[in-house]
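In the part that follows, the structures are each spelled out as structure tokens.
Both complexes shown next keep chain A, but they swap its partner, so chain B is in the first and chain C is in the second.
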Partner chain A sequence: MGPIARFKRSIIQLLAALLYNLNFEGFATGTIYQGDTKGVCVPGLNCYSCPGAIGACPIGSLQAALVASDQRLPLYIIGTILAFGALLGRTVCGWLCPFGFIQDLLDKVPLPKIRKGAWSRAFSWGKYVILFGLVIVAPIVLLNATGIGTPAFCAYLCPAGTLEAGIPLVAMNEDLRFMLGALFDWKVGVLVALLAVSLFVYRPFCRFFCPLGALYSFFNRFALLRYRVDEEACTSCGACLDVCKVDIRRVSDRECIQCGACVTSCKTSAIRFSLRDMLANNLHIDGSRRDDAPSEREEQRS
Partner chain B sequence: MKQLAKRIPWWLVVLVLAAILIALGIAQGDFQDTLRKAALVCYECIGIG
Partner chain C sequence: MIRTARSNAHRALGLVLALALSLAALAGCSAPAAETDRGSAGSSGSANENGSAQAQKKAKVEEGVEAPDFEFETMDGQTAELSDYRGKVVVLTFWATWCGYCMRDMPELDKIDQAFDSVQIVAINRGDRNADAQAKAEELGYDFAWGLDEDGAIEALYPASGIPYTVVIDENGVVSTVFAGSAQDMYSYLEMAVTKAGA
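Up next is the complex of A and B:
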């Protein structure tokens, strides 16, 4: 396997992070981009207050819309999340999320790793609690003295906001430094704790806390881009589950971040990327095998 | 007809629904709202507000 194939996912993650943050000038000036592309959401968790960001964060935008006092359904944001979900599902988590990329890099640090188990499976429900509690309910229910809701996830938890926006903006703007208080200390503490845990546990934020991953997980079983298992070729040996670092029960279930680590572990080549199969004309658009297409075994024989 | 309905994948159904919602959202001014919010520093996001 060549270096490009070996690091393909890392290269795409890096390119996605750069593409979301093309306003390099912002890092030098400590200002944020204000062009029209800021109205378009990017698929991954990337804070729109990051000096480099040229797009909006879907979770930040959803919360901002729910906080607004006019009680209008945020159809544009809901539609955008549905579109990303239908096309990509949690492929976003594995390939297109800058904060996931940072955790992947920390996982490469050679330290003892805590393996997944019943504990991590239980914690994986945490992201749904955060999605419904902090992202959806809190902005509507927790009102301040002026009747405006609280974007609780962004305000109290989001480590991507602290890393990508809080720290760079505070470092570059003296005016902001005078406004710092306990909340900033708390958010930096959350960030440091998560990054430290990422050294020992694979992607703790994505698996246990990320509300965007929770949203995309609802689409993972039927998204256009995902790994599929050829049931004819699968021998149910469980090698894919053993090699997987997250808490899947089967390939492309709600926990699968579509990283593709399982593909090489499969001795019968039963796991394949949906798009590659479709482009090879072996499958219909719905993923079913065409009647005139040769079966996997026939292909291997030929 | 039933065969055709069976062949339509879920992702396509959701994508069409998403396109409709995005169009309705833009029509009610959601894009401008998102742009207005994202073009300003979010004090909550950076841990100040």
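Up next is the complex of A and C:
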């Protein structure tokens, strides 16, 4: 991806982080926003309890709904996640997630980087384990065992929650501090460890731990807004796989975070964002070429 | 400027986000009013810039401050006031039937109530319909001063980011300790707090 395009993605990531957290006064007072928009999920991993948050976290909401709902399936939250997935897939990860953004920034620090390999491809399964184990099963098990449906991912793992919510709230609101104990120490430890690892490994949380990324990954191959490979132009040279920092086997597969770093590596310009093609009227919505699309020669000239 | 296809996509995405940002910024401007729009007379109107207008209208509930007095509806339709319990150490707690940690606190509160003669538990419901709150109070059967707050007037005086929210008030009506939550061994914290308040 060219430097200007990379900068634009960073700007959008920053805008998204600000958009999710417009309640700036919450940081000053150590309280959370309680208006009506908190009933709407933001697409990225942004803690409901972040003092600035004006929306809800999809993963937090999913856990809460699983143990609170009288219905068998929490339809509203599942529908919301389906909608984000179908529209964006893991474009959320690459463009609209504040915690992804923080890891991107840490990656810019000039330290030796540990490249991907078989080890990282293996660890990439971790996020599905966490999705199934901590987000879906654990709250239900805990509800039956203790009478309280603890959102296990939020409570025991989520570093985004610790960074955005736990630490700011505890710093500003002394009435919370009596509860601090081993669990808080553990959560802060997890956060510090992940931030430290992010200096040497690209986006470790997104690749190995994030249950939201795991959910969106199911949609990544067919989301409306994502990078696509023009199979006619692709020569299978593998340049995109080489330059990619996560563990894709193909562009836009379940590991792809839609960051676009592969685009400039392609010598035949086969990798394009789906929106561009639709706007330029070259492709139908399903990726097939329109009959009235200009020929490739004309395209290269324009 | 050469409009590459890629920058078209980015421009469109940026436009959409800018639009959404502007809309949300408008929503965000009214954020401070949201906390008190559930019925507290008059304090929701002018708080537009930030929370400071709201803060001037009522003092933050913290140690050393006089606990705001209020009238509440009891479970059998009578009314009572917080100040009725002056002379006792009041453990004022806000709870809901769907709040797991509030329900976990209930037996602990009862134990404190039994252990200290001069302690009075005032348990005001927050976030339930009256019928549900009444049913739960009857089911639990504890000898608390149960109260209802369906219109949120009391919540406006004791705002909190969540429940359980417990305020320990000394015999003179002054706030002694505030617990913004519940811990595993809540009894020991309550015991320390009521002792500190003079029970």
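The definition used in the following text is that the second predicted complex is superposed on the first by the 284 of 302 C-alpha atoms of A that agree within 3 Å, B and C clash if a C-alpha of one lies under 4 Å from a C-alpha of the other, contacts with A are read in each partner's own complex, and residues count from 1 in each chain.
Keep this in mind: a contact is a pair of C-beta atoms (placed from the backbone, for glycine too) under 8 Å apart; a residue touches a chain by one contact, two chains touch by 3 or more.
These numbers were taken from a predicted model, which means no experiment stands behind them.
Asker: With both complexes superposed on chain A, which partner does A:L279 reach: first (chain B), second (chain C), both or neither?
Answerer: The second partner, chain C, only.
Asker: On chain A, which partner touches more residues: chain B or chain C?
Answerer: B
Asker: Of the partners chain B and chain C, which touch A:Y48 in the superposed model: first, second, both, neither?
Answerer: So A:Y48 only meets chain B here.
Asker: Taking the superposition on A as described, I'd like to know which of chain B and chain C A:F222 touches: first, second, both or neither.
Answerer: Once the two structures are laid over each other on A, A:F222 reaches chain B alone.
Asker: Considering only the touch criterion stated at the top, classify A:P74 as touching first (chain B), second (chain C), both, or neither.
Answerer: Only chain B is touched by A:P74; chain C is not.
Asker: If we overlay the two complexes on their shared chain A, which of chain B and chain C does A:I32 touch? Say first, second, both or neither.
Answerer: Touch partners of A:I32: chain B and chain C.
Asker: Where does A:G189 make contact in the superposed view: on chain B (first), on chain C (second), on both, or on neither?
Answerer: neither
Asker: On chain A, what residues does chain B touch that chain C touches as well?
Answerer: 32-36, 49, 68, 169, 176, 179, 181
Asker: What does chain B use to touch chain A in their complex?
Answerer: Residues 6-12, 14-15, 17-26, 28, 30-35, 37-42, 44-49.
Asker: For chain C, which residues count as touching chain A in their complex?
Answerer: Going through chain C, the ones touching chain A are 5-10, 12-14, 17-18, 20-21, 24-25, 27-28, 30-32, 34-35, 50-51, 62, 98, 100-101, 103-104, 159-162, 178-183, 189.
Asker: Going by the contact rule set out above, which residues of chain A touch chain B in the complex?
Answerer: 32-36, 38-39, 41, 47-49, 53, 55-57, 60-61, 64-65, 68, 72, 74-80, 82-83, 85-87, 150-151, 154-155, 158, 161-162, 165-166, 169-170, 176, 179-181, 183-184, 186-188, 219, 222-224, 284-288
Asker: Going by the contact rule at the top, pick out the chain A residues touching chain C in the complex.
Answerer: For this pair, the touching residues of chain A are 5, 8-9, 11-12, 15-16, 18-19, 22-23, 25, 29, 31-37, 49, 54, 68, 95, 147-149, 169, 173, 175-176, 178-179, 181, 225, 260, 263, 272-273, 275-277, 279-280.
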